[in-house]
Amino acid sequence: MLKTDIGYTSIDEIKVRGLNLATEIIGKFDFVDMIFHTVLARAPSAREKVMVNALLVTTADHGITPSSLSARLTYAGAPEALQGAVAAGLLGAGSVFLGTMQNAAEMLIAAARELPADAGDEAVREAARAVVAQYRRERRAIYGLGHPIHVNGDPRVPSLRELSRANGYYGLHWRLMEAIGDALAGELNKKLPLNAVGAIAAIVAAMGLDPLIARGLSLVGRSAGLLAHLVEEQRAPIATEAWKVVLRQDPRNELP
Amino acid sequence: MLKTDIGYTSIDEIKVRGLNLATEIIGKFDFVDMIFHTVLARAPSAREKVMVNALLVTTADHGITPSSLSARLTYAGAPEALQGAVAAGLLGAGSVFLGTMQNAAEMLIAAARELPADAGDEAVREAARAVVAQYRRERRAIYGLGHPIHVNGDPRVPSLRELSRANGYYGLHWRLMEAIGDALAGELNKKLPLNAVGAIAAIVAAMGLDPLIARGLSLVGRSAGLLAHLVEEQRAPIATEAWKVVLRQDPRNELP
Amino acid sequence: MLKTDIGYTSIDEIKVRGLNLATEIIGKFDFVDMIFHTVLARAPSAREKVMVNALLVTTADHGITPSSLSARLTYAGAPEALQGAVAAGLLGAGSVFLGTMQNAAEMLIAAARELPADAGDEAVREAARAVVAQYRRERRAIYGLGHPIHVNGDPRVPSLRELSRANGYYGLHWRLMEAIGDALAGELNKKLPLNAVGAIAAIVAAMGLDPLIARGLSLVGRSAGLLAHLVEEQRAPIATEAWKVVLRQDPRNELP
Amino acid sequence: MLKTDIGYTSIDEIKVRGLNLATEIIGKFDFVDMIFHTVLARAPSAREKVMVNALLVTTADHGITPSSLSARLTYAGAPEALQGAVAAGLLGAGSVFLGTMQNAAEMLIAAARELPADAGDEAVREAARAVVAQYRRERRAIYGLGHPIHVNGDPRVPSLRELSRANGYYGLHWRLMEAIGDALAGELNKKLPLNAVGAIAAIVAAMGLDPLIARGLSLVGRSAGLLAHLVEEQRAPIATEAWKVVLRQDPRNELP
């Protein structure tokens, strides 16, 4: 039988994971409750709610990023289709930006599986060195380290670390992520501080969530940030001007 | 100068609408606070938070919809790019499904502008008849009415109406939406109960939000529902089987 | 029965519009033959082939456009998913750029329906004035006129006009498009030369094609242009630098 | 300097790879000429044109595929945004369907690099066995083999092989692809005939094209097939019925 456990619909009722959407969910669940209910079929604990809200808030986007710029350029061409502009903004969440939370979480979960939860610092360092060696041997990227702008350290990381500590999620996965950063920095002989992707990957891994959910939550959070950009673009457009600024970098382009 | 009011980034700081993301937002704002902060540059009231959570929860999706089916089919072809599957699911939120909240809210806002907030029932009915007459004359669709499955009434509507009442958002826009439904049903001589799109449009209009935000919030809510479907598709795939079920409807297709 | 006339598949055969894909199409049809065969269920004439090739070539894209910039920004974030970058580039083909061919063609087809094919110049001018009056009354955009860069006239238009003439497609639709441009320019008292969108709309209308096909062919053509940009982006990336150029426009952004 | 070699625009001229779009390209280049000109900065040979036309034709799509079904479902929700429906259909061209041409071509190019162009059969078989062993050791998928429907062999493969032979592209890459199929089939002890992805990968590799171009051409070809489906969906819609067919597979869903 072809079915989803997420829900079904009859003429008079919509059921989502066993609850009646109209009478048991709307007005009773907030959005994070609903994410847990639909994705995980359970309610979040108070600590989980704090952390998922922090992940959504952190990934919501801030100023002009490649993803908000792409969404704005798309909106400028097709303002009647907001969904297309949001989609265009999300499509860049791949192996270089944002989507990398999934890869980093997978790396941490695999590494942590080999260690006891209370592994000593030397064991963690050794496991981190082994991860770095393996990834470099297989020519795979190690995600979660370094930042093109925040070269002295990503300012979001201390906040996310503190929040993890306060809610009981600062443990083996965070320590591994930090040790992997140290190990790679040592090998490459350059500063490679943890970035928000690495912090979020450590949080998701510590919460026992599927790494796919890390990437997924970042898409949910980012969709809100893109909405902010597009509402602004509607009122105070900058996309066309941004495009022209780029055009003008090549003096062969001539603008009236 | 080309700039966004949403935020900017320096080497050591990320500012979002005047607040420091790391020290003033993360861990302090929940997701709905962040939506208000980035989109509207202000904090939500308690009542606004209840309503926006209800909108996100209502649009999160339930069972198999055209949008979750499209997302699952896309994931089956490109599981390495979750963002593409989410985007494919959002792209159908247009003038027939979901995106119509924007159109319905625009209709209600325009109609309400002509009436005092405490307009009597007859004045509301008359305004509604005028809207229906105008839309039919211009051959424009009237959104927010009827449902292909919930033919006796959309079960989400009473819950959303109750919640609106409890939070002070049941007023002119809701009354207009309901009167427009009655007027059109009378003209077409068929049952046309309000659907969730109409209810959400009335809420968004009553809250004084830009109609674009109605569509935008439905995209944010839907992205969470799509995530639930895609996490399930990863573990218990149904997309390929669903495609084959469709193929088998045409006996000329032959499957091994 | 749920079926498409486009084709079906058995274990040993793929049929497309009645022909065997393997033995009657591959190697025998070129791409434009295949477009006609799948979309219109017939072969193109030689003149139709010339014109469709010209449409595809014209819409393929040239330098940095909002759509190629959006595709490149997306590729920079998700190089493993070329399809996402192409999709992001196509999503801006809406009511402002490119997608407007559909609207302009619809306008020309409706206006031409009221006139004999050999209508005199004055009748065409009058019909054009009526279109402009109606569109302005209904506050609808008139597409196909003016260009943000080519303020003295879109250089593609004379070539497309010449080609139309040579192939028997310069007639009522082209004349209407040109007269609409004159009428609107007269009313607004500014130069509004035909642009490529207007020329393509006239061609599509003259060929008797569904206006949806105009927009569709522009998406096919554009997908090739986007591929060129993305192959270059892979070898000589500029997207990240383009993003930084935009960031630097706001001095509050600080880059290392 | 931030620039693309693809082209630039002045007030009176559009240049694409050194040629004037209006006077040297439109009406003179057909679509495949334009693909070569924009992507590769050169004209195709007659043989190359035959092969690229065959690739575009083969990937254009036929009956209901996951990608055309996804495009149709999206169109049903947002018919005003054809670009979104085409994008949704393309987004599934990833590591399972279609996008795999890139991976298969990369595999063949790497393997062929180790062999002389006129390598004997035993050398080819040995290289194929080494590829299979390596991919299985690294738990990587080997693309281009087997088909869920065409279990006795993909009917497109003989046509593509014949065309390759006739145009001088049947050589080491094709032989490697076939030998890899035999080697894997031997190891798994099941039939694994070459599929169209494998054939196209061999062709692209033999033509010396960048593997990214293989995936890209399949997106261009597919966009035409999607257009055919969407033009049909506009006139004779099946998407909503297809969705309901899927819904009805779960008896808990109740439809009026």
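We call the chains A, B, C and D, going by the order they appear; numbering starts again at 1 in every chain.
Note that in this section contacts are C-beta pairs under 8 Å (C-beta built on N, C-alpha and C of every residue); 3 or more make two chains touch, one makes a residue touch a chain.
Keep in mind it's a predicted model, so treat the numbers as computed, not measured.
Visitor: Considering A-D alongside B-D, which chain pair is linked by more C-beta pairs in contact?
Guide: Between the two chain pairs, B-D has more contacting C-beta pairs.
Visitor: What's the chain with its C-alpha centre farthest out from chain D?
Guide: B
Visitor: On a C-alpha centroid basis, what's the spacing between chain A and chain B, in Å?
Guide: Chain centroid spacing, chain A to chain B, equals 23 Å.
Visitor: In whole angstrom, what separates the CA-based centres of chain A and chain D?
Guide: It comes to 31 Å between the two C-alpha centres.
Visitor: Quick one: report the Å distance separating chain B from chain D, using the average Cα coordinate of each chain.
Guide: 36
Visitor: In chain C, which residues are in touch with two or more of the other chains?
Guide: Within chain C, the residues that touch at least two other chains are 2-4, 8-9, 11, 15, 63-64, 78, 80-81, 83-84, 87-88, 91-94, 99, 149, 151, 242, 245-247, 249-250, 253-256.
Visitor: Give the list of chain C residues in touch with chain B in this complex.
Guide: 1-4, 8-11, 15, 78, 80-81, 83-84, 87, 138, 246-247, 249-256
Visitor: Spell out the part of chain B that touches chain D in their complex, as residue ranges.
Guide: On the chain B side, the touching residues are 63-67, 69-70, 73-81, 84-85, 87-88, 91-99, 148-149, 151, 239-240, 242-243, 245-247, 249-250, 253-256.
Visitor: With touch defined as at the start, can you tell me which chain C residues reach chain D in the complex?
Guide: Spelled out, the residues of chain C in touch with chain D are 2-9, 11-16, 20-23, 25-27, 29-35, 38-39, 50, 53-54, 56-58, 60-64, 68, 81-84, 86-88, 90-94, 99, 102, 149-153, 155-156, 158-160, 162-163, 210, 212-213, 215-217, 219-221, 223-225, 227-232, 234, 236, 238, 241-242, 245.
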